[in-house]
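In the two complexes below, chain A is the common chain; its partner is chain B in one and chain C in the other.
Presenting the complex of A and B:
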């Protein structure tokens, strides 16, 4: 009998847990404190808090440490942790125009409203592996104290607003202001509103979303055609909740997000071919790949989500916990189901040996009227 | 100083404590569970939370259990029927550890049994709750990948695709080869996936004393089978449902042969999958007699019974053709039908039509595809609608069928409510049902009317099962009759339609359309795209079929030869309007409207 038939399943589990704890928590290396993880593995921390849908760097870092660096496992730990927490309040709507940018790129325009701000990026650094034994010496180039930024530099105008001023964008803004779909409280299934797809993408596994984006470009059923990135930014936004006693919005903190706007050429028969459409992406932390993929897929979903498989793919196949959990459940014992499958194979074979032969169509029983 | 967050936290402190699921989430789960009990077999969506176990590892079952359990409960957890497996052990310590409830391996002591892949051999009693972990809650996924379409099928109780898959299984394999998670019909309404429990356990859900709750965490669905609910495995009336069987197998430990057995070791031995039952049999602590009487031994496979034609045919749903009401001689009647693509309705119409030489509205820019089209057809009569492409004839047919949403007009069927109801006011599901047995369509493109992956017989079975046929042999016989009549060789009956030629596909489509003997038949360019000689054969067939039936037919074509061969009366359409109508013979010999004259001249060339 297999392992699950063995008596003492509990002993086996405890032994496995002990093995993990000894090797992980007492590895022959200095302990990695939470602040070290948040400071040195910033992008991994951001990825986890985005995929977990819980913005808290220290929680994310602790999860990464416990998960031995596996971002998906870390996101699972954070989400399961969040399931234990009550919902204290619902934040006020966030206005992304309030963002104080740390980085902001407008590829589609040479001199946009406000600065092109490269910020902290390795985009233009040669991908050369460095293997220093310790911290590399400080750069000789000491940065000059940056001058105080102007308000436009801190909160630059939005490229989309420029396009709107030029009347080059199809306007999808609606007069009513529906509550966004809360994917943590209701399952999002097609047909779903746009906010459900956006929320699903914001929390999606980054690799899954990028793969779906690339499939839409190079795959057999692609829905993204003319790819131009309008704008991508990384910055800080304030978070406000209403005070339980006064009812006034109160700022309780700030969080970093990556935001992207993607421009799509319109060429459909029933589309306004004299204008562009713009897709939107926003996710927790610094994760440009995800935000850009999301913005492109948002507009593709608006155009082709229902006529093809895209909406179902976005809503149901990009969550990392869902896909990875289902994949990993294959490791659970399946000998009951497999026995049932074997039985049908044997029954088929027995029927064949009994020379029932292949089925032939019965002759017509009676004249068709 | 107290921050806003501190204040919020204090105010909610009463709800805080803990476990692995907050109290708000448990309330949501209980609400979904109650809904599920009220609508047996219906998959209730719920805001599935992330659990300390991964999706697919029982996160749905765990949420259901945590939602309904209390400290006074006693829980038993099994995986594959085994209490001691690692997964069962893990879930049990999690449940008992966070709720303070007792745990047991003895089914008789448990108030809640959470399980994966099995129902215990011990009889579950009134008051006990069985919580099943569900990896894939959608029973239709195997036949339909679109979740929107699956939802529609459940809403309308339209399970013919499922029946076709069982039919095709029988045709290809001589038996139903579905293994675990066998689909069942619950309370005569919803088809439900029995999670992957073996077929052996399926009868235990029927008219049970206990409550079964199904939790699918990844797909965020809860469903239920309340006590004393009718649960029937889907199978044809004359094909028995079969449980698992290994000839001569007995448990090497307890000797039982009336239990679900799994392989033990690699030498061909078997053992009970339910380890608790096995141990109790050995200890003499089990009511073996009662268990034996409940065991599904009458469902053991019997190859002889499998496809044996029944001596008597099962009742097929015969629908008497209603007599036409007094003073009414039509089977189908269309009044003032109009279709405008684009902005505007009646206000888009002025300035369009043959008199103006355009279908594009000068007022709104919309395309007036058809306007003010009226006709009726009597039983035994065939009406032709002819015109060039763009004349609106196919739009009219689309509006009658329900593929297009008409802008104006009325469509009535004598078979529906004696012609009093306007089809255009009916919702989509009602119109779809009418297409099953009241108004059949033969499309120009056979892929629109047939599933090309399915056999010729299976395509006809789709229509028959939709109409309520449940006898496998009856369906085979009827399909064979029909295929014989449309001159498809019976040797091709069990071949997928994609292997058929164009003419042969049209014949299968015609056979399918006639399967339920509908009073109205709509033919949209039935021979267009076929070689001339093939088309002639199909036309001959159609002429014969119409002549021997009391059916009202509408034939849409651009080809006068088709109209002349099949129809008694004809409408001529141009730019969305009827420009001439009359007896087909007269129209052909003495066309009045210049447009008709052009069509006739073209046909004579």
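Presenting the complex of A and C:
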């Protein structure tokens, strides 16, 4: 191995790696094929592809298998893989109103435009552990054929638009159209454009974002004081690129996302207290915690990002690879670093015992000789 | 479905199953037509750009794994891009696009394949709605 202040250990490292491979790949259990992982652990797969920032279920599943189920390590593997790939195009701007919903709830309002669609959820189910020895018997329930799905049922009206109709929301719509910040090419640092914050949150580690959201409610900053959700959606969006021969948009497929709108009651002295503000969250896959935290933090960042630590926390501390990478590196040999710290302590002690008194920094401006 | 636009055809070929693409592409090339691979097939990603609804601002949501290919068949260029990393499927889709562009003997089969994919999409969405519709809820409001 090569690391500042230490080297060698190659044979032990290879043996340790081999131990992982043998125990993982040849465990006394049936092999877990990729389709097994995507079908049975879809939320873990979605979390990894979201935090990695590369949408492909099979790649995410393979990474989860290789990482022995560790989502952060899996996201690391996928990001490393992504870094080897070329960017073929930037899509045409996707309009989230085009989402075909698989789930859509509006907690703030009973009768929004379009249905409240629970979809695939255990939100209303008791948390009772099931430990079946094998696959439970298949439920014989065959869904009745419903009437054809209407356009409102496929793409319900947005709650934000209802608030706009009622003139109850601050209008942030911009007349200009700035280029979005690309966090994969340049790290986002405060002060940053909103597009940088949204992109950072979309790819943030879920737990870090939820923790920051909770800190914003219960912590010392108090950046979120009303926690009302406009809506939460899970659904499919089309991916379109320009056809290289005709120049027209082509739909090359769909990707699933989770979307959230958070409503904030404005109460600041300089704010329009007769209206609400709305924050936006969107992330790859089905990850409602992340989208909800993102939506709340979006509006909190708009209000307080620059007057407190929030923007810095959002941009610099929520990326899983950044934080876990720094943490994990502490396990590498730091012999030289620590020895120098020990030597400093010993030098101070020796100075004290020689009655030289504590070392005091020279006053500023004094010439060093 | 013989009068789909070029873009609609590319979109439907992007959704077709790899096996049906490969089988039809082999038939297209069975007459020994002159074919050249111009691009790829190449695995990469398309960056998903979203215009969010609150401020109508664009931001980059993340990347979607894609594969693209471009060929020239009998003097006509065919292009394909599909989600995922199946190079053979992307190459086959590009061949089919060129076959249709050149109005070659299997152009009608390409159109038929596209029609089949479109029908499947409708059937899949209908089946999906049959599963989802029972979960539509109207909670009662306690007053």
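Here is the rule we go by: the second predicted complex is superposed on the first by the 344 of 369 C-alpha atoms of A that agree within 3 Å, B and C clash if a C-alpha of one lies under 4 Å from a C-alpha of the other, contacts with A are read in each partner's own complex, and residues count from 1 in each chain.
Assume a residue touches a chain if its C-beta (ideal position, glycine included) is under 8 Å from a C-beta of that chain, and two chains touch if they have at least 3 such contacts.
Since we're looking at a predicted model, the values are computed, not measured.
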item	value
Partner chain(s) touched by A:252 [first = chain B, second = chain C, both, neither]	both
Contacts of A:26 with chain B and chain C, given as first, second, both or neither	neither
Which of chain B and chain C A:82 touches, first, second, both or neither	both
Partner chain in contact with A:280 - chain B first, chain C second, else both or neither	second
Contacts of A:324 with chain B and chain C, given as first, second, both or neither	first
Touching partner for A:127 - first (chain B), second (chain C), both, neither	neither
Contacts of A:243 with chain B and chain C, given as first, second, both or neither	both
Which superposed partner A:186 touches (first chain B, second chain C, both, neither)	first
Overlap of chain C and chain B interfaces on chain A (superposed complexes)	82, 85-89, 182, 184, 241, 243-245, 250, 252
Of chain A, residues touching chain B in the complex	1, 3-10, 12-13, 76, 79-80, 82-89, 182, 184-187, 189-191, 241, 243-245, 250, 252, 309, 312, 316, 321-322, 324-329, 332-337, 339-344, 346-348, 350-351, 354, 356, 358-369
Contacting residues of chain B [partner chain A, same complex]	3-5, 7-9, 11-12, 15-16, 18-25, 28, 45-52, 54-57, 59, 79-82, 84-90, 93, 116-118, 135, 146-148, 151, 170-175, 177-181, 196-200, 218-221, 242, 244-246, 260-265, 271, 273, 275, 301, 303, 306-307, 457, 473, 476-477, 480-482, 484-485, 490-491, 493-494, 517, 548-549
For the chain C and chain A complex, residues of the former touching the latter	5-7, 10-11, 14-15, 42-66, 68, 70, 77, 79, 81-85, 125-126, 128-139, 141
For the chain A and chain C complex, residues of the former touching the latter	50, 53-56, 58-59, 82, 85-97, 100, 102, 110-111, 115-119, 143-146, 148-149, 153, 158, 160-161, 172-174, 177-184, 194-196, 198-199, 202-203, 237, 239, 241, 243-246, 248-255, 257, 261, 278-280, 282-284, 298
